Every structure is written in structure tokens, then in C-alpha cells.
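Two complexes come next, and they have one chain in common, chain A, joined by chain B in the first and chain C in the second.
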Partner chain A sequence: MRWSIEHKETWLHQTNPTVKLLLFLPMFIVIVFVHNPNVLINWTIGFTALFMLFSGYRMKHMLLFFVPFFFIFISTSSSMILFGKGETTWFRFGLIHVTEESFYRGVHLGFRTLLFAIFGLMFALTTKPVFLFYSLMQQAKLKPKYAYSFLAAIRLLPIMLEEFQTVHQALKVRRAAKAKGFRGKLELIKRYAIPLLSQSIRRAQRIAVAMEAKGFTNERARTFYYEMTLGKYDVYLFAVICMIVAMGYYVADAFPYVPIKDVR
Partner chain B sequence: MQTKGLKLTDVLTTVVVAIVFGIVYKVWGPLYYAVKPLGLHLDQLIYGMWFIAATVAYLLIRKPGVALLAEVAAASGEFLAGSEWGLEVLFYGFVQGLLAELVFAAFRYKRFDVAVVSLAAVGSTIASLVLDFYKGYIDQLAWWNLTLFIGARFVGAIIIAGVFAYSLVKALEATGVTQLLRPTTKEDYDSLDK
Partner chain C sequence: MIHIEQLRLKFPGAEKRLFTDVSLSIKKGEKVLLLGPSGCGKSTLLQVMAGIIPRSVDVPMKAKALHIPKQVGYVFQDPDAQFCMPYVDEEIAFVLENLGVPRAEMKEKIDRVLQRVRLRLPHVHVPIQTLSGGMKQRLALASVLALDPDVLCLDEPTALLDEEGTKAVWETLKEVASDRTVVIVEHKIDHILDFVERIILFNECGEIIADGPTDHIFSMYRSFIAEQGIWYPEVWETYEKPKTAQQPYHPSEVLLHVQSLRGFRQKEEKIAVADVVIRAGEWIAMTGENGAGKSTLLQSFMKLIRTEGDMYWQGELVKNDEVLYDNIAFVFQNPEFQFVTNRVDEELAYCLRLEQRSEYEIEEEVERLLRRFHLSAQRHLHPYQLSMGQKRRLSVAASVTERHRILLLDEPTFGQDAKNTFALLEWLEAYRQQGKAIVMVTHDERIVSQFATRRWIIENGKLVADETIVPRTLVRGGI
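Presenting the complex of A and B:
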């Protein structure tokens, strides 16, 4: 959804959004059932390379995108490293108990999250939401009322952002933009949420009436402003993913980085 | 004209509300890993925010299917906004929404009180824990740590997606906006006869 960041259109942008989604989503399940950290490290390298080389964004932007991943890596792996079960103790201090097993398991978890993040970023940065929903209607037979609702909602975001700023400034002037404590914070969220939600609901109602009048709900025999098709780039993407997956397994077997094959 | 299932109006309102929460979900990510280093699973107390779209949408629109749609839409919004967790949010959103939906279905979509939404929040928590079990090897944490982890998540979910969601919708009711959304009830007809 980052329209504003300049980038080149690469073949990853040309792939069909539905195909891309159908290729990426099963990877989640595949990754969850991989317990060998070597394989995950190889895949992380492979898919990071795919992302870096072909997403069409500038290097400095891509590196910026990776900053939060660093925190995610630390935060997902740290609990397991510090508090996980294991036999071979490396370090013990009070409740903290670092073992060899828990360390590798923690690092494995970190790479797993990193991979999900890379897939997510790769998808989000190379897919226009408009094309995604048009493609879902045409290739995945998503009902138009759902697809157009999503598209309308995305269009409303800038208006909501503007409203958020208005509310924020209004609260600031009244010195009500800050609150102390957990209850206070929840109360504060409410102060922002009520006007934003109520306005959004009213607006959604008006738009829905207009959309119904214009026949956006027609289920059958409708035409589309954008015709989405399948093409050779979808085959390329499929081939590249298969290649990285296979290479990852092969390299993990031939040149392992860590001597552990199963972190459970 | 009464059609089966959700009408465009319902879908659009649900999705719009859900996308607002999708943005909140996105912002919640950095907050979540910012409180993580503070200590022992304090972060789990705020995890419940990721279940709130389902309960709020259900309380607002009060129709079958809304909770699932809202949670999926919020997750998609978070995903398209470039979530740090990437693809997994779609799975989490779907399963969390599904279990919340099942709780509402178990009450035949007839109850709209704190107890039911809290139960739905518990349902979503279970859903997220099942996925964490596969994804995060949480069963491999030391037992005291795991208890703390699960306990904190349940408590946070009930407070945020249960009680807070309920009070949020109560406040929205005061603005009168919910009258646009809900199906007409028997009381509405009765009030016409008075």
C-alpha cells in the first residue's frame, strides 16, 4: 500500500496477484513444518535475495524496511532462548536458563518469523491492492460485494487519517490528548475511536447506498474495468520458489551451518 | 428486500470498521515488541487488541458472519499496510475470527452482552495459542513461563477484546450511529404501536 515510494516495475509486479497469494500462503504451512534451522537459514538467504534483486525498490528503502524485522527477530527468539527447555546448560541466572537446545530453537524461531515477514513485505510491496481485489474477483471468484467493499474501505483511509489528525488537534487544544495508567490509556483510545468510528460508519452507510444503486452488487455477468490475466511471469515465480526451496534443502544437507537437524 | 446472508451495506460497514482496526493492528505491532523487553510476557497483556475487530463488529452489526469477516478484513488491512509479521497475520486473523464466530453461533447470534464477547475473546485466544503451538514451539517453554504466557494472554484478551470492546460499542450506541446498522427488532415494531 506504499504508493508513494518510488520504485521500478519488475516482473514481480507483473505476476497475477491471486497466483502470488496462492504461491505465498502455502509457504506458511511449509515453513511451520520445517524443524531444521539450516534449511530456514538458506531459505531466508534465497528469498531475501529474490526480494532485494527483483522488487524494484532502492537499496536504502529496502534496508529501512528491514529495521523492524531486526526487533521482531530479537523479540521472537529471546523468550525461547532465555526460558526454553533444554539439557545442555550454557548459562543460568535466576529464572533465566539458556541451554544449547533452547538457543538453537530460539534462533530457528527468529528465522521463521523473518521468512514470514519477507514474504509479507514482498507481496505488499509488489502488489497494488486494486489489482489484488480485481484479480480475486476474476480468478478466485470472490463475490463483488466483498471485493468492492474492501476497495471502497481502502479509499476511505486518507479521509480517516485526516479525521484522526483533526481529533488529535482538538484533544490537544483541550489538553486531553494524554492519559496516565492502563485505564487512562484505554479511555484515551476511546476518545479517539468514538468520533472516528461513528463517522466511518455513517460514511460507509452512505457509500453502500450509492454502490447498491450503481449495481456494484451484481453477481453474474459483470464486466471489469481491469481485466486480470495469467501469464509467463506466474510460471517464472513458481519456478523460482521451487528452486529456492529445493536448493535450501540440498545446501542444508551438504553444507550445514549448525550441527542440529531438528530443534524440537 | 430480504436477501440471504450479508447485504452490501453490512459488508461495507464491517470492512470499513475492520480496516480502521487493521491500522490499529499495524500500529500495535511496534508497541508489542516495544513492551516485550520490559519483562516476563508483559507483552501478552496487550495481545488481546488483535481480537477486537471481531467482537466490535459483531456487537455493532449483530449478524451472522460479521465477526469472521471483520477479523479477516482487519488482518488483511494490517497485512496490506506492511505488517512486520507478514503473511502469518492472514492465518491468525482467519482462525481467530472463526473461533469468535463459533462462540457467537453457539449462542445463535442472540446474545450481545459482556459475557458473550468475553467468551469470544477467549475463543480467539485459544485460536492464537493453537497457531503459536505449531509456529512458536510454545510447548517447549519452561512450564512456569508458559503458564505466565498463556495466563497473561487470556487476561489481556478478556479485558481488551471483551470488556473494552463492549464499552466502546456502548459509547458508540450513545452517538446513535448504531441504529443505522442493526436489523429491526421486535421492540422496534412494538414501540410503533404505543
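Presenting the complex of A and C:
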């Protein structure tokens, strides 16, 4: 079974995962405190361009990734637009009440979720879990105990997915894959969950024992197979983010798309 | 090298002590096999020798003297539960990191251990997920060699492997371990008898009843070994199969007829069969390499995966999959996945309830099944609390009901000891005598030659041979 999507290795893949995390995480907070929709629109354009140009994935795949987020965009913004408060009424029909203020607030909210999505996708698609945890151990001094536990857990996921399919087939053969009513559905969840969980718990315990049998302890100082360093690409990423953020503010001020500067 | 004196050990919650004053010592360079019935504590003792108990697994134990080596290499049974990294090179690097080997030396060391276990890969950065079971176990051996231990402990490393993988693992081991101390726990011992020089024999109470050179133990304790269900080399020669085995069944009406059946996984065609008929009273053994499409063919018969082609049940075109579920039973490789209730007797009643039988009738039938499959004493237990052999029996008993005419089995004897295997084969033979058909995936040539009436060979997703097996009429004597 194929679990990875083919892609090129670009400079975004070469950046240090810890640096990437430290640059992206504050952005999530900053975005929440920006209330000018012009700025958010500019940032969305800027970071989408960065993602599309340098993530190394095919256009077809990238557009597919965006499909769910597009729906979230529509749903978050539309609920705000249709049922929001405001003074300048554009349209009113029963419960639906569209005002100028609620419209801009809705659009603003939509772009906020879209930006979250872009940062999330950009991080997930350009960072290998193994590199992330190696980097966290080396740059952020994460304890190996936690890092390798996560890595071992990641390895279990595809195995669990295959097991899920097997359990589904096994239950189908015994005509136990369907159930009626609320109680039946609850019973069904148990039927799937118990074999999957019991299998995973036992496997996790065995892996833990195997890891210690291979000399994994907290006592010795360890070396690292992958050396994660800081490089020029981290500087590039920092510069690009600063530039998009600054340009976003400048363009919003010089050429605003919407006449509102604060949606609150 | 290893010296244990008067070891006492008891699992928390267990009624009895597993070991009472067990003493043994193993000299440097010795190759030792621990042999005994399942549940006698061989694996536990191996873990004590390796220091896993009590270091990683906390079990209360006491010993008058306990000398175990500092660095022990341990290969476990389950190929999917001993790696923590996604790629081959990363897994071996994990061991080197633990030892504090400088980064610059890692690449060379990784190549060297992979070469030693003869794991030839196009590239060291290969996902472990894509390796076969036998290759995974050799990778486990490679990562253990990276530790450079004085003692190698092997806990049934081939129990979950097919014949080919088993052979490859033992061949590799014989090469790399000739100069080390090796302690092995294993049930399938044909491949290692020429390698081990000393056998320690246990009884079910965890007591050592014999300890000596391999030949001596085998000549002195043969009947004891046979009783314990251990797979020793001549086990098939001394086994007396049911007289009905391989005798043709009449009338052999056609049950299932498939025409140009094709099975797909993710749009990819994995199996194609042109024209095949399954008759009542047939025992079809399906053989072929790993990944050839044997299990996929079984799944196609039940339409568990996407299929194309026509199927006829007793001459009538199958339009509704329900017809297949009504008439064909399927026993999966891992019995646990098929259990749907919390109790053994409930498990047996489940399918009967679906048939809307009266409660009285169901009770009678459950009683009969419990007796037939020797599960009466376990009727109140949760299916997960059963032993390997009991779980297998329960999964067969619970899947099969009167109305089923064909029984599909995916390697049912996998990981079972000799005793359980023969019991299952005998039950299947009796079942066949009721005019049912059996289609079973197996790697065991002996089962094919002793029980099957027909053999299918699958290669690269195609049925390449379909032959009738003529029984050899040989008179066999006992021991």
C-alpha cells in the first residue's frame, strides 16, 4: 500500500524542522490578532504562492489538499455572513440578515482559517517526522525517551489501518459488520475497537521491550544518525516570512481591496 | 557465561510460581535449545537470562546467584513488534546511537551488518514495511549484531514465518553465530537440530527434567517430546492420519463454479482465475510463494474485495453476495479479529442466533460444539484469555455452522504446535466427510501430501496448476 505522495525535495524540505516550527507557531497567534481583512487577504496570497511554488508537490495534488479547506472556508464565512450583526443592511429574509459588517467579518474569518490551513499543510508536507524528532532532540533538547516513543507510534499507524481492513472483512463474513439502532451502533464500535486496541497495546508493549533490549536507556549519551543543523535555508525562510508579513501590511495600506480596516 | 542458581519467579496475579529453584549454567560458545510444552516458562527464562526481566518487564523474582552477561542480543517472535524506526538504515542506526557510535562510522557499520545477514537491498534506505517476514527477522538479527553481543537469545524467531523465511533465518543465524553463545526457544526444530549441541527439557510445571547433548535427549525422551506437541523431525512419520483421509467422496456435486474471476486491490488486478469448480467433499490445498495472491483468491471467493467475473452457486448465478455468506465460511489467519462477543459460549451462539433458531436449539448446539472442540472448561472466559490453540479452535467452531458448505481457511495451522495442528486437521477431515468442501492456504507440504485431495499452485496472481492428489496407500506403523 502506498502511504506517501511523490514530490520533489525543495529548499523548504531542507529547512530545520525546529526552526520551521518556531517560525510557524507564532504566526498562528499573530493571525488571530490581525483585524484588517486587507492584510489577511495579502498574506493568504503571499503564503499560498510560497506553498504552491516551493512545496515540491504536483499542482493536482496541492489543489486536492485544498478541497476540504475550501469547504471550511465557505462554511465558516457563510455562517458569519448570513446570521451576523451589523447596521448597514444589504439583504434580509426571515432569519437571514446580511449586513456590510457581517459580510466583511465573515470573509475575514474565512481567510483566517485558510491561512491556518496553509501553514499546517506547508509544515506537514515539507517535514519528515523522523527529521522533526531528530531536530527536536538536537535543537530543542527534547528527551530521546519521548522522541522515539512518537516515532515508534507513527510506525504503528499504517499497521493499524491494515488491521482495520482485516477486522472489517472478518466481521463482514460473520455478518457482524452492520448493526441497527443506537445500542447496536455502540456495540459495533466496541467490536472494531477492542481487537484493534488490544493488538496495538500488546504491540506497543513489545516494541518498548525490544527498544530497551537494543540498548535504549537514558543513561548513556547518544549520538545521532542524522545531524540536524541550521543553515542558509532557515535564513531564507525567515526572510521570506518577514517579507510577506511586511508586504501584506504595506499593500493593505496603499491599495486596500475593501474599505474596512477593522472588522470588530 | 550464564549462571542461574535457585531461581524463583511468580507473575503477579498468578496462582502458582512459574519457577521454583531452577538452576542452570551455560558455558561460553555453547548452543543451547530450551524445549518444553507451551506455557512452561521457556520464554520467561530466556528473558531472565537476557536481563529483560526484571529490567524492562517488572516481575518479582529471586535467585541465590544470578550471573548474566551485560550485553545480550535478543530476537523476538513478532516481526512487526521489534522495530521503532520506519527505515532499514534508521533502525540499525538506532542501535548504534544507543551505543554512542560516532556518526561518521555509522554508514559503514550498517552496510557491514546487513551484509552479514545477507540482506541484499537495492538501497539501505528501504521502508521496513515493504520487507517480507523473513527479511524483517533477518533485519532484527542485523540490528542485534550491531550490538555485538556475547550471547544471542532467540525467542521463537520463526514462529510467524513461512517455510522459506524460516530456512533463510536459520541459515543466516548459523553463519553469524558460530563463535557466539546462543540460547534458543523454538517449537519448529527441524532446521536447528544440527546446530544446537545441548537441549534443556522442561515439563509443564517449569521444572528441568533433562539436560544434555542433543542426540542423547532425543533418543531418551522421544515419547515425552512427542506428547508435548513439539515439531520434531519425524513427527509426521509417527503420526497416524484418519483412514478416510484423501478418499474420494460421493456424490461429488458441484458447489461453486467461478468463471474468469478477477480480484482487485486499489484498482490493481491481483488475482485472475479462468474457470474453476469446487465440489463437495474436496480438500483443496492452495500453495505458492508469499504475495502470490493466495489470500486474495480466498477473499475474491467471498467478494470481500472488488471482483469481476461470474460465480455460480450450485448452478445458479450469484446475484446477491448474501448467497456467498450463507454458504461459505471463512476462517482468518488471526483468530482474534473474528471474535465479536465477550464469552466463549456467546461466541458460539452468535451465528446460530442470526439464523433465528430457538433458544433451546441454540443451547443444545453450543453444548455440542463446546464438547466437540474441547472448550467446555473455558466457556465462561473471554475469547482473548484462551491459549493459541484454543483461540484457533474457537474461531473455527464459531465461524462454521450447519448451513455452510464450503470452508475457506487462511493458513489455519500457522503458529500452532503439532498437537493442535493434528487435532485441527482431523476435525477438518471429519467435516469433509459430511460432504463439505475445504479450501485452505498452506505452506506445509506434509498437509498437502497427507490430507489434500487437490492442489492449486498460485504464481504471480495466476492459478498455474490444478492437480488431483492420488493418496499413497502406505501402511504406517507407530513408534
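By definition in this document, the second predicted complex is superposed on the first by the 244 of 264 C-alpha atoms of A that agree within 3 Å, B and C clash if a C-alpha of one lies under 4 Å from a C-alpha of the other, contacts with A are read in each partner's own complex, and residues count from 1 in each chain.
Quick note on the criterion: a residue touches a chain if its C-beta (ideal position, glycine included) is under 8 Å from a C-beta of that chain, and two chains touch if they have at least 3 such contacts.
Everything numeric here is computed off the predicted structure, so don't read it as measured data.
Shared-chain residue A:S102: touches chain B; no touch with chain C. When the shared chain is aligned, chain B comes close enough to touch A:A124, but chain C does not. By the document's definition of touching, of the two partners only chain B reaches A:F69; chain C does not. Look at A:R222: by the touch rule set out above, it reaches chain C but stays clear of chain B. Set against each other, chain B and chain C touch different numbers of residues in chain A, with B touching more. Of the two partner chains placed around the shared chain by superposition, chain C is the only one that A:A213 touches, whereas chain B remains out of contact. When the shared chain is aligned, chain C comes close enough to touch A:Q169, but chain B does not. Residue contacts after overlaying the shared chain place A:T89 against neither chain B nor chain C.
1, 148, 152, 154, 198, 202-203, 207-209, 211-212, 216-217 are the residues of chain A that lie in the contact sets of both chain B and chain C, per the superposition on chain A. Of all residues in chain A, those touching chain C in their complex are 1, 3, 130, 148, 151-152, 154-155, 158-159, 163, 166-167, 169-176, 191, 195, 198-199, 202-203, 206-217, 220-225, 227.
Residues 50, 52, 55-57, 71-72, 74, 76, 78, 80-87, 89-90, 93-103, 106, 128-129, 143-144, 147, 266, 299, 302, 304, 325, 329-330, 332, 334, 336-340, 350-351, 354, 384, 398-399 of chain C touch chain A in their complex. Taken in their complex, chain A has these residues touching chain B: 1-2, 24-25, 27-28, 32, 65, 68-69, 71-72, 74-76, 78-80, 83-85, 95, 97, 102, 105, 109, 112-113, 116-121, 123-125, 129, 132, 145-146, 148-150, 152-154, 156-157, 160, 186, 190, 193-194, 196-198, 200-205, 207-209, 211-212, 216-217, 263-264. Within the complex formed with chain A, the chain B residues making contact are 6-9, 11-20, 23, 29-30, 32-33, 36-37, 40-41, 43, 60, 69, 73, 76-77, 79-91, 134-137, 140-142, 144-145, 149, 160, 164, 167-168, 171-172, 175, 177-178, 180-181.
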